[in-house]
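One structure is given here, and the rest of the page talks about it.
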Amino acid sequence: MEMKNPVTVASGTFGYGPEYAELVDLNRLGAITVKGICPEAHVGNNTPRTFETRGGMLNAIGLPGPGAKGFIEKYVPFLSQYETPVIVNIWGKGKDDYARVVDMLDGEDTVSAYEINLSCPNVKEGGSAFGTDVATFASVIELVRARTRKPIIPKLAPNVPNIGAFAKAAEDCGADAIAIMNTMPAMAINIDTLEPELANKFGGLSGPPIKPIAIKLVFDAARACTIPIIGMGGIFEPEDAIEFLIAGATAVAVGTANFVDPTTPLRVIEGIERYLIEKGHTSVADIVGTVKA
Amino acid sequence: MEMKNPVTVASGTFGYGPEYAELVDLNRLGAITVKGICPEAHVGNNTPRTFETRGGMLNAIGLPGPGAKGFIEKYVPFLSQYETPVIVNIWGKGKDDYARVVDMLDGEDTVSAYEINLSCPNVKEGGSAFGTDVATFASVIELVRARTRKPIIPKLAPNVPNIGAFAKAAEDCGADAIAIMNTMPAMAINIDTLEPELANKFGGLSGPPIKPIAIKLVFDAARACTIPIIGMGGIFEPEDAIEFLIAGATAVAVGTANFVDPTTPLRVIEGIERYLIEKGHTSVADIVGTVKA
Amino acid sequence: MKQEKTTVVEHHNFQGEYRILRLAAPEVGPRVQPGQFLELQVPRLGERILRRPFSIYQAGPEGVAVLYKAVGRGTEAMAAIQPGDEVDIIGPLGNGYPEADTGKTPVLVAGGYGNAALYILAQRMQKKGIAFFGGRSAIDILLVKEFEELGWEVRPTTDDGTLGTEGLVTAAFDPWMAAQDKSKLELFVCGPNPMLKAMGDRAIDNGFTAWLSLDRNMACGVGACLTCVIKRKTETGWEWARCCKDGPIFESREILWED
Amino acid sequence: MKQEKTTVVEHHNFQGEYRILRLAAPEVGPRVQPGQFLELQVPRLGERILRRPFSIYQAGPEGVAVLYKAVGRGTEAMAAIQPGDEVDIIGPLGNGYPEADTGKTPVLVAGGYGNAALYILAQRMQKKGIAFFGGRSAIDILLVKEFEELGWEVRPTTDDGTLGTEGLVTAAFDPWMAAQDKSKLELFVCGPNPMLKAMGDRAIDNGFTAWLSLDRNMACGVGACLTCVIKRKTETGWEWARCCKDGPIFESREILWED
């Protein structure tokens, strides 16, 4: 898969493509990463599903979706109109779900790559459970690797002390790249009702608050593996994305910022180009991992 | 140790006591928690040591300090003037440092309790290394437990997937309480100089951005152990502290907020009292862990 | 749907705690259909980041106006907005109300900002009918004169009886409904959930149509985040529908009310 | 040291990019010693939280004034401060300059906001002497008239020669120093680090005293966080000293310059 530019959108913050198509020219994105898909349609969590926090937000959407078949019927025709590569974020309640969803999607040319969600904090089974134990993590990647020739991009959980071990494991299991980071497990409680602000009790923290955490994880992972890293976490301005690239990310994803300003991915693309010119670089590769540390 | 009220200050954000004494009546605090102390004087990291981020800050002070002897000479006489219990935050480069620093301090009546820092992200040896592996974590607590009758309060690292295991281990090893959370490992890079913004490269994220993460950790820990939890992380307003109590903390600590408004601990104490009256409660205990989840 | 950097033309207190914010929005204004809303980025919201959704009170070639009440951080921060300020909006969003059935008597039922949300509809409808506005007190009943000037008969109700019938909006609506050919009624409702449900129940029990405008917390406003979902009935049971994209207008029979 | 909620009395452009902010601060004002500073909480700083340190330009029973330049987020956000606004400050902070040695000729050396930082000192010193002010261009040399009115002889230097001697402050200071009895000089310096170091070196080489005011990033301003440390010489080597609490004034011989 060739990304036109180093900027994609973060799964779950951009729907399946059509939602923002009136506001953003999808052909200008480096890639479109769609909301998480599992084999069968999934209903997700009850409401409230999101909550705004100081400077960011919590979400516990719970991966509702049309399932692989529904995705192919409802969204592939739309997505196939664009030249932009489509990264499908996949997840499963059990290991074999990951294999099944790949089998169901692999025939679609429109599906350019798989982002393997091993880190969703908002589903009881699957998700994060797979992302915080290196052995389980590796076994899922091996399973998926055996099913497809398309690029596979495991998405790592942030709440581990040793992100490097996961990055290394991903590389060893044949992953083509890794994505860092998913949301940070978090919680908010209403002090009048004593109820959690989210129906799911817990959620994932995203937005500007997590950026310094994500930069550290990307830096550590870049030292531990040689495959490309898609960095994300609180990218709201071009400078944020550039910081990820310098820390060691080869590409970046804009997430929560889409809700605030849908043109953020395009502003980031332009901002990176401006920065490269200013600094006299000819390609993004010139700045990847150039941090003096 | 009896805290007069459920509000203390977070180690490292309030110096050793004298620094804020002109602005805050130390006798009104539930306890004074001082900056980390190890057996010998320690120089700490180079500058820059802190950096402001969106909504919060990074620090990599590196635990400079006068050492146990220096602390006793320089600060114990001052602290002994107050009725407020003093919690000494202790750390070590190696396991036995923890034992040595306790041996050196234990004779001082002014030292009411030890907060065992097993989670400082900013020192090469010690700190976080002890806080992310349950076995090592437990061994340090046992060591300290064997040396003192005073209350010991291990301080947990946030960057683990299973905080409950650490809370349980602390309880099993005879800890009297636990403190959650220390700063979150993080990083910021200057995109013009390509240098990390901190001389130590990495630092710990603190302030409002981490509150939802801390609330989740406190909630999980409260389900895993029966000893009291001192909750901290981004407490800037009374409502923040109340949220920690409802999540399961028995007491709270105000950290970064001291830099912004030194009266925060006092405002929090008053705000909690107001809330208890409003809701018709007679003691803080009435709301601890009352979250409906 | 457009994203537009608008300029504030006017911002003043209207009635009670309600304010009117008028924006020069040549892109969004002309596209507005009755019942649609916009997502407004509150300037200087500081440590909060999400946009806030607002129904469109007035719209024209030159721009839009919203009528709002300060209820929390976002709307309170809006107090500081000055004429000349730039305000970024995304809109018009959501599906408007369907064309009114000219064979029926149009009935508007609203409370709070709902009155404003129905104004464009009332304006553009050929056939004028009757409007039931509910509120706590006289001060909360907005736009009575404006709706009358459009040719609508307005029946206010207030909890404290300071204006019109004392009681909930149903206190005025039910006796009126009793005297009507119910199959000939078409309701357009915008207000708090209890009002929506009460009207929806009546529509179902009495066999008329009621278009309800739902209010849910939103994050994106365009259908991407799946925050604003409600349960919509299906043959087999129910499915999630997005208020922002599949709504905010639903017919009473579509909605599966919870608790 | 007091924390005070002050009221903005005056806020206006002063010269070039510099502005003056005057605060009614009856608690802090009377306590100020020359060379001290305060930590100011910038209103509406939004997503930034830390206070910003500012030298005290003027102080009296009624309050204080700071003279500042917008260089980043915090100082830019200060542009929006209006008379009547509440501004929370902590001060006075740090150790002021020591009593001047009346047996010596007081020499002030400053650049940028350093001129303002020395104003109270210049005001309160019995014996007036000479002041060397350096800057990029004429527009950057602040308060020449004000210092002259206090009875000081002012020798400006500018990089571009638009005012006074062309070159760095040393271009005017060195020739002047050559003609002096060096043991009788006492310098009070506030400006960018290179200026501090240059003056410090001359003090050491020529055996006179130079009190230097250091500028370091600060978080707490009261000595609690250990952010603002510099290396201070000791018999055995060096130790960290806190600019905010142990400084910001240090004698040239105390400082171990890095790089």
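Think of it as A, B, C and D in the order they're written, each chain with its own count starting at 1.
By definition in this document, a contact is a pair of C-beta atoms (placed from the backbone, for glycine too) under 8 Å apart; a residue touches a chain by one contact, two chains touch by 3 or more.
Everything quoted here is computed from the prediction, not taken from an experiment.
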Would you mind naming the chains that touch chain A and likewise touch chain B?
-> none
What chains touch chain B and also chain C?
-> A, D
In terms of CA centroids, furthest away from chain B sits chain C
How many angstrom lie between the CA centroids of chain C and chain D, rounded to a whole number?
-> 58
Between chain A and chain D, centroid-to-centroid distance (C-alpha), Å | 49
Distance between chain centroids, defined by C-alpha means - chain B, chain D (Å) = 36
Do you know which chain B residues sit against two or more other chains?
-> 54-56, 208
Among all residues of chain D, those touching at least two other chains are 47
Chain contact topology (line, ring, star, complete or other) | ring
Sort out which chains touch which and give me every pair.
-> A-B, A-C, B-D, C-D
Per the touch rule, the chain C residues reaching chain A in their complex are 1-3, 41, 47-51, 88, 90, 216-217, 219-227, 229-230, 240, 245
Chain A residues touching chain B in their complex are 53-56, 58, 128, 132, 157, 159-162, 184-189, 191, 193-196, 201-203, 205, 208-213, 215-216, 219, 234, 239, 242-243, 246-247, 275, 290-293
In the complex, chain B touches chain D at residues 12-15, 19-20, 22-23, 35, 43-44, 47-50, 52, 54-57, 59, 61, 64, 207-208, 256, 258-263
Which of the residues in chain C end up touching chain D in this complex?
-> 44, 46-47
